[in-house]
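Quick one: this structure, given as structure tokens, is what I'll be asking you about.
Chain naming follows the written order as A, B, C and D, and within any one chain the residues start at number 1.
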Amino acid sequence: MTVRKLVRTVPALLLVLLALAGPLLAPHAVDQPVTAPYATPDAVATLGGDQLGRDLLSRLLSGGAPLIATALGIALLVTTAAAALGILAALRPRLGRWLERAADLAILLPAVLGIMLVALAWPGGGRLAVAAAATVLGIPYAVRIVAAAAAPVAATGYVETAAAGGERLWYLMVREVLPNLRATLLALFGLRFVEGVYIVSIAAFLQLGPQPPAADWALMIRENAPGILLNPWAVAAPSLAIGLLAISVNLAVEGIAARPTPESAL
Amino acid sequence: MTTVRVTARVTDLSIAISDGPQLLTGATLTLTPGRVHALTGPSGAGKTTLLRALLGALPPGARRTAGTVTVLGHDPLDLPERELRALRRHRLAYVGQDPGSGLNPRMRVGRLITETAADPSGQGLRDLLAQVRLPTDEQFERRRPGELSGGQQRRVALARALARRPELLLLDEPTAGLDPALRDEIADLLRELATRHGLAVALATHDPRLVSRCADDVLTLTLTPATRRTPARAPRTRTAPASPAPALVTARGLGAYVGGRRDRRPVLTDLDLDLTPGTRTGIVGASGSGKTTLVRLLAGLHPPATGTLALAGTPLAPSHRARTREQRRRIQLVPQNPLGALNPARTIGATLTRPLRLHFSLPQEQCAARVAGLLRSVGLPSEFADRYPYELSGGQRQRVSIARALAAEPDVLLCDEVTSALDADTATGIMGLLSGLCADHGLALALVSHDLPLVGTYADTVLTLGGAAPAPVELSQGRVGPG
Amino acid sequence: MSLVRFVWPAVRRLALLTVLLATVFAAVSLLPGDAATATSERGESATDLAARRAALGLDRPLAERFWDWLAGLPTGDLGTSAHGRPVTALLAAPFPNTLLLGGLALLLSVTGALALGSWAALRPGGRVDRAVATAATAAFALPEFVVSVALLLVLSLWTGWLPAVTLTGPDGAPASWRMLVLPLLALTIPQIGWNTRIVRGALADQASLPHVQAAILDGLPRHRVLTHHVLPGALPAIAVGTATSAGMLLGGAVVVETLFNYPGIGAVLAGAVADRDTPLVAGVVAATGAAISTLLLAADLIRDRTLGVRA
Amino acid sequence: MSVTRRQLLWATAGIGTAGALAACGSGSGRSDSEPAPAGSTSEQPRSGGTLKIGALGRASAVTRDPHGSQANESDYLIISLLYDTLAVPGDTANTVPRLAASWQPSPDLKTWRFTIADGAKFHDGTPVTAADVVWSLKRLRATPAGASRLPGIQPSGISAEGARTVVLVSDYANADLPLLTRLTTFVLKKDTKDDAVATASGSGPFKLDWFRDGNARLVRNDDWYGGKVLLDAVEVRIFESPQALANALLAGQIDVASNVGATAARTAGARKDVQVVRRPNDLAMPIVMRAAGGPFADPRVRQALRLAVDREAMVKQVLSGYGTVANDVLGTGDPAYARDLPQRTRDLVRARQLLGAAGFDLARSYDLVTTEDIPGLAESATLFATQVRETGVRINVVKQDSKLFWDASWLKAPLYASYWGTNDSVVFFASKTMVSEAGQNEAGWRDPAFDAAYRKALATADAAERAKVLHQLQEIEYDRSGYLLWGMADGIDLAAAPVRGLPRLPGYGRVQLEKTWLAR
């Protein structure tokens, strides 16, 4: 791992560390009103008050970890499932066609409707429901990407020779095809992480997923939106946090998964 | 002062991959207008690297370690990008090793040639087509590279190169994979271009006929000491049965199709084949006659439409998934394309160790020795074990692929164009190794190749596929039938 | 292009759409409560509730209800909503509005993505490339909600250049085109982020092909190599990529339409699910599904045509 | 699960059987709409101009049937401008005549005779007859929610006497029967077909120009019997979210944003050219503690919670100050409201004593169920839970999807937050939610003394006597009911500068735009 690669992962690690340590640094309790609703920044609340007058900075510091955990969970689940199914689809074309049709079906289903149906049918709703919805919706699309990337690898001489030479399916998947998909899978992971954040935000907009008084960046954006003219930080701060999170994670993933053959200039 | 104007001069040029193998050492060359200069030497000696150095386009990660290059008064290796681009656009021309893939598949022939033409008019286009002996009718100009034969593609690429009226023409293996008649035509064409247009031509080849036919000067590049190894015969103790044993692989009434649902066409119809231990069977035929399909069918990678297979008398399932591991060990395949034959993510040593552990579960410590032996048997130094495939040339990878097949100590070895990427003496070495195994260990060898002289010298029996089969090939060495 | 090549993918897409509608019908009925309870008033007695459930036909088995609804589809009758109004009438104005907004957003985002992606691909790893990549990631990471609120503040409330919400005329369409600008931008920005990544990836894959390397060695100028040798080859991947991501537009539409009060199908969908209004939900999915299917069909045809040419 | 939309269940606007609504000016002094329009009294009202008014509603729930269930406020606004009810809420008196010019009760307060205003005509010119009214009332009574809209009146009890008198007979003596005719009794022409209802002509101050997906344009009805209408036309716009509604007004695209909520009011507060119209006692957000059983059945526990809540903080934090502190008795706008009951304030020590005395289990946590239908409802539950934790009671806020809440938690859960979108008389809330046999007894509260006082109040015609009984009723409610009412939210509208004469009434009085005019 050259130094240049490590440097690109630093922002993401810093942000995640800050989010994990957040609750400890929070000056006030997360659900304790300390100032007037949408109060502008003052000595007590450095970033002002949210809709109930709770300290925005404390909620910002402790609102990161749950969102990151959810998005991380979604990204990991979707990437591993997609890797397994995608490579399987490439190695077994007949099965691949069925997975392709399932992916088409999922792409037709509007994501927002999918989230609603899964989250509302889930007993008790909440964060787990949205994570499940995001995973179920994300997998077909991701399988399509992995299958497309795995197809040329599966057709190469070394995979065919290994198959003809007596290797079993799981060995072909794990040892022959998977190592050559590192770049695709890492890029997919970065993409699904950001997609996870996006889906939790849309769910929060539809009042699904994390419930008040939980502190969660996506939920904070929707809760404080009416008061944006009173205390712009109430929406700006969590939005910036989500933006930085997405950029830093993708920067890190692109750093680690530097393209195998350096891209040729035109 | 020589009155002859020098087009390009290379003195003691050495090029290496940063902390990697040496690609080229101490090459010296002078190119003058009107003369054809041939670069020969074994694969991996740096012919292509030298050509690309003249073009100022070294492979990624490679850099000049010594020597100078001047082309038309400039040093292409550190020319500013704008001038280098102009040099390549107007005064230099390069035709790559595989021009078929070098042509934009979506462009029509007319567009391909006029894109870089100094005179893009219709007449100019027709002159160029005539010059490279291509049909100049309107219908041909509208065809796309996909609709042309290999030879036609090569000549379109040549026309595209000549369109800009260059002063220096660089060609990499201009006649590889062509039948003899076409090769002579290309050679005469290059000769005429050099003399009539005062073009300086440099071409890399390992086809002796081309060199003798049109080259004025010859530069033979030698392998750097590290890569020079002549393949030694691997001494093995198993005794081969003296009398011709019963057939190891018997195939009766084989039939197969290729192509997807819409463009299915039959390739093999009602074919019988016997591979007996110790014999070498050559499989020849025009491209597309089903040579590769047959071999893949035997290896269980292609579903047969009709016919049955048997290995040593017991029926053999058509798909490799249904065969026992032992059956799959006894039949080994060496794939056609050397570039895709080895898993880029694993070292050569790991690739060769896997069959040993899978079939013989050889303990780890003995594997290293066995791998070194295998590498030596195919003429590669044992240090290659911890190298990655991208650090090897096409020929070297092909030899590793052969070593991997031999690691499983198979009874049947199916080779698909194994010498296509090898130069003559390396190829001879490999064929010698395989023949030795046939003789000593009763290996049944199936050799697919379009290199008729090779098949002629080494195959005991020859199976010809496809309708218009070439004239029967004499079995004795030396004579080559019409291509 | 023989007709058969066109008919078969179309039939396949139609079958997929029918399967999707069946799953949606089943899924909505799985949700707790049903259309009758969802639209009942606070004081309604159990007997009245049962009477309304029978009136809405909710006591019939699910499969029967689905077939009746599907039978009406070809004639354009999408059944009646839980509030007693014909679904076709409910969607008559909103669907074309969302089609207009979504269509424009897709067009804008694809052209924008092609421009940005190509500009970035000129110098891989260069300053522009890194800047475009970071901007694209930020664009599609920020939820539509945040983008909409920011646009609203800057372009409407603080500067007053653009109207804050969309008001409709008697025909159900937005009264003036200026009301279309903010929702369009809010929908396009995340989509441009997504599509730029797709274009950039497709161009990168094409750039490594041998015929592009040959074009470079021919000394052709950078932009010519891009437009004539790289882009044509990348078009199929770009077409399929952008078409599949068109489905996300509806997700954005729900947010943007609610915030800018744009009279579209997104808001109707959100309300319909809240009311467990199966015919209305299925109607919306049928409409959007048909639109997305045609897009995917077009993308398939582009891909087949360009790939068909390759040897 | 409505998306941040205010979904007032107007069905609760059913009429209480007794009690008169004093002018909304009672309680905390005259409603101050700051900034008061410059010299409003001195300006001469001018006719002309089009008033663009925005109201909340969901595109998927749009309905046109005056007797149907109007989940959308925008639908109710359009219908109440097109059609007339017999009577309407008034600011000086509780029930102001509209289509019914006057009404007389029979001695036993069971039979009431309404006479139709003279000159009342439908938009197409035909006069309004008693037969039209009777047909309309019977159609209203036949709707699924008919019984709760006209409590105590059977379909057979609606008949006509001659062309201009309508007779309503109640099952029981009801001194305030006219209250029933105020909000839902829209009158259409006789025998209008169901599918023709949407385009049926009404008798209201405005006529329909066009209606499309919840938006509508209404033009002035020049020969309206109820007096001169000043506005040329009214354009009603449907808005999915209160935020879009407020933004539309701030951007000057609409003239009035109806019922936008406190946050929008504070945002507009900074703008000098925007009037913030406050209508006190508009919305109650009580915490309901189940009295029939479960952890809160013991009155001492309920009393403890009532003492644990910090009412000023709730009004300040949840309503941003746009509201008034309440005293656990519903019907704060009613003149008969017992203002003299001692205002309960926070007393944590007393609360802990009561919890100890009642042996309340402090180890486990209790669920407080709520929805997000109304801005502030979920926030009130969250803040309440935080405040009560100081007495050791751990409360966990559970936010449910709107449908799930009305099916599973309403009327059943031990502790939940409810809301009442209209402010009516003490007796209305008693009949609706607290009498043992009440249809919507949210707390499951059975109190014989309370029931007796309620029936006595209904049967007494004499005003002084009724006031005494009503006060006694409120004392019982104040001591033992299942409700914890910490405050009453103001109804808030935003209006552009030139708008004059907007109604000041809480609840559904806000739709009376016939006197509104534009000083532009």
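In this section, contacts are C-beta pairs under 8 Å (C-beta built on N, C-alpha and C of every residue); 3 or more make two chains touch, one makes a residue touch a chain.
If you're wondering where the values come from, they're calculated on a predicted model, not measured in any experiment.
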{"item": "Chain pair, A-C or A-B, that carries the greater number of C-beta contacts", "value": "A-C"}
{"item": "Relative to chain C, chain with the most remote C-alpha centre", "value": "B"}
{"item": "Centre-to-centre distance between chain C and chain A (centres being mean Cα positions), rounded to whole Å", "value": "21"}
{"item": "Approximate Å spacing (C-alpha centroids) for the pair chain B, chain C", "value": "49"}
{"item": "Whole-Å gap separating chain C and chain D, where each centre is the average of the chain's CA atoms", "value": "40"}
{"item": "For chain D, residues that touch 2 or more chains besides their own", "value": "1, 3-4, 243, 401"}
{"item": "Overlap residues in chain B, where contacts from two or more other chains coincide", "value": "none"}
{"item": "Numbers and ranges of chain A residues touching at least 2 other chains", "value": "116, 120, 205-206, 222, 225, 229, 261-262, 264"}
{"item": "Pairwise chain contacts under the document criterion", "value": "A-B, A-C, A-D, B-C, C-D"}
{"item": "Of all residues in chain A, those that touch chain B in their complex", "value": "156-167, 176, 179-180, 182, 260-262, 264"}
{"item": "Chain D-facing residues of chain A, complex", "value": "31-33, 36-38, 51-53, 116, 120, 125, 205-208, 211-213, 222, 225-227, 229-230"}
{"item": "Footprint of chain A on chain B - complex, ascending", "value": "60, 299-301, 320-321, 325, 328-329, 331-337, 340-346, 351, 354-355, 358-359, 401, 404-405, 408"}
{"item": "Complex interface listing, chain B residues touching chain C", "value": "55, 57, 84-90, 92-94, 96, 98, 101-107, 115-116, 144-147, 160"}
{"item": "List of chain C residues in touch with chain B within their complex", "value": "209-211, 213-221, 228-229, 232-233, 306, 309-311"}
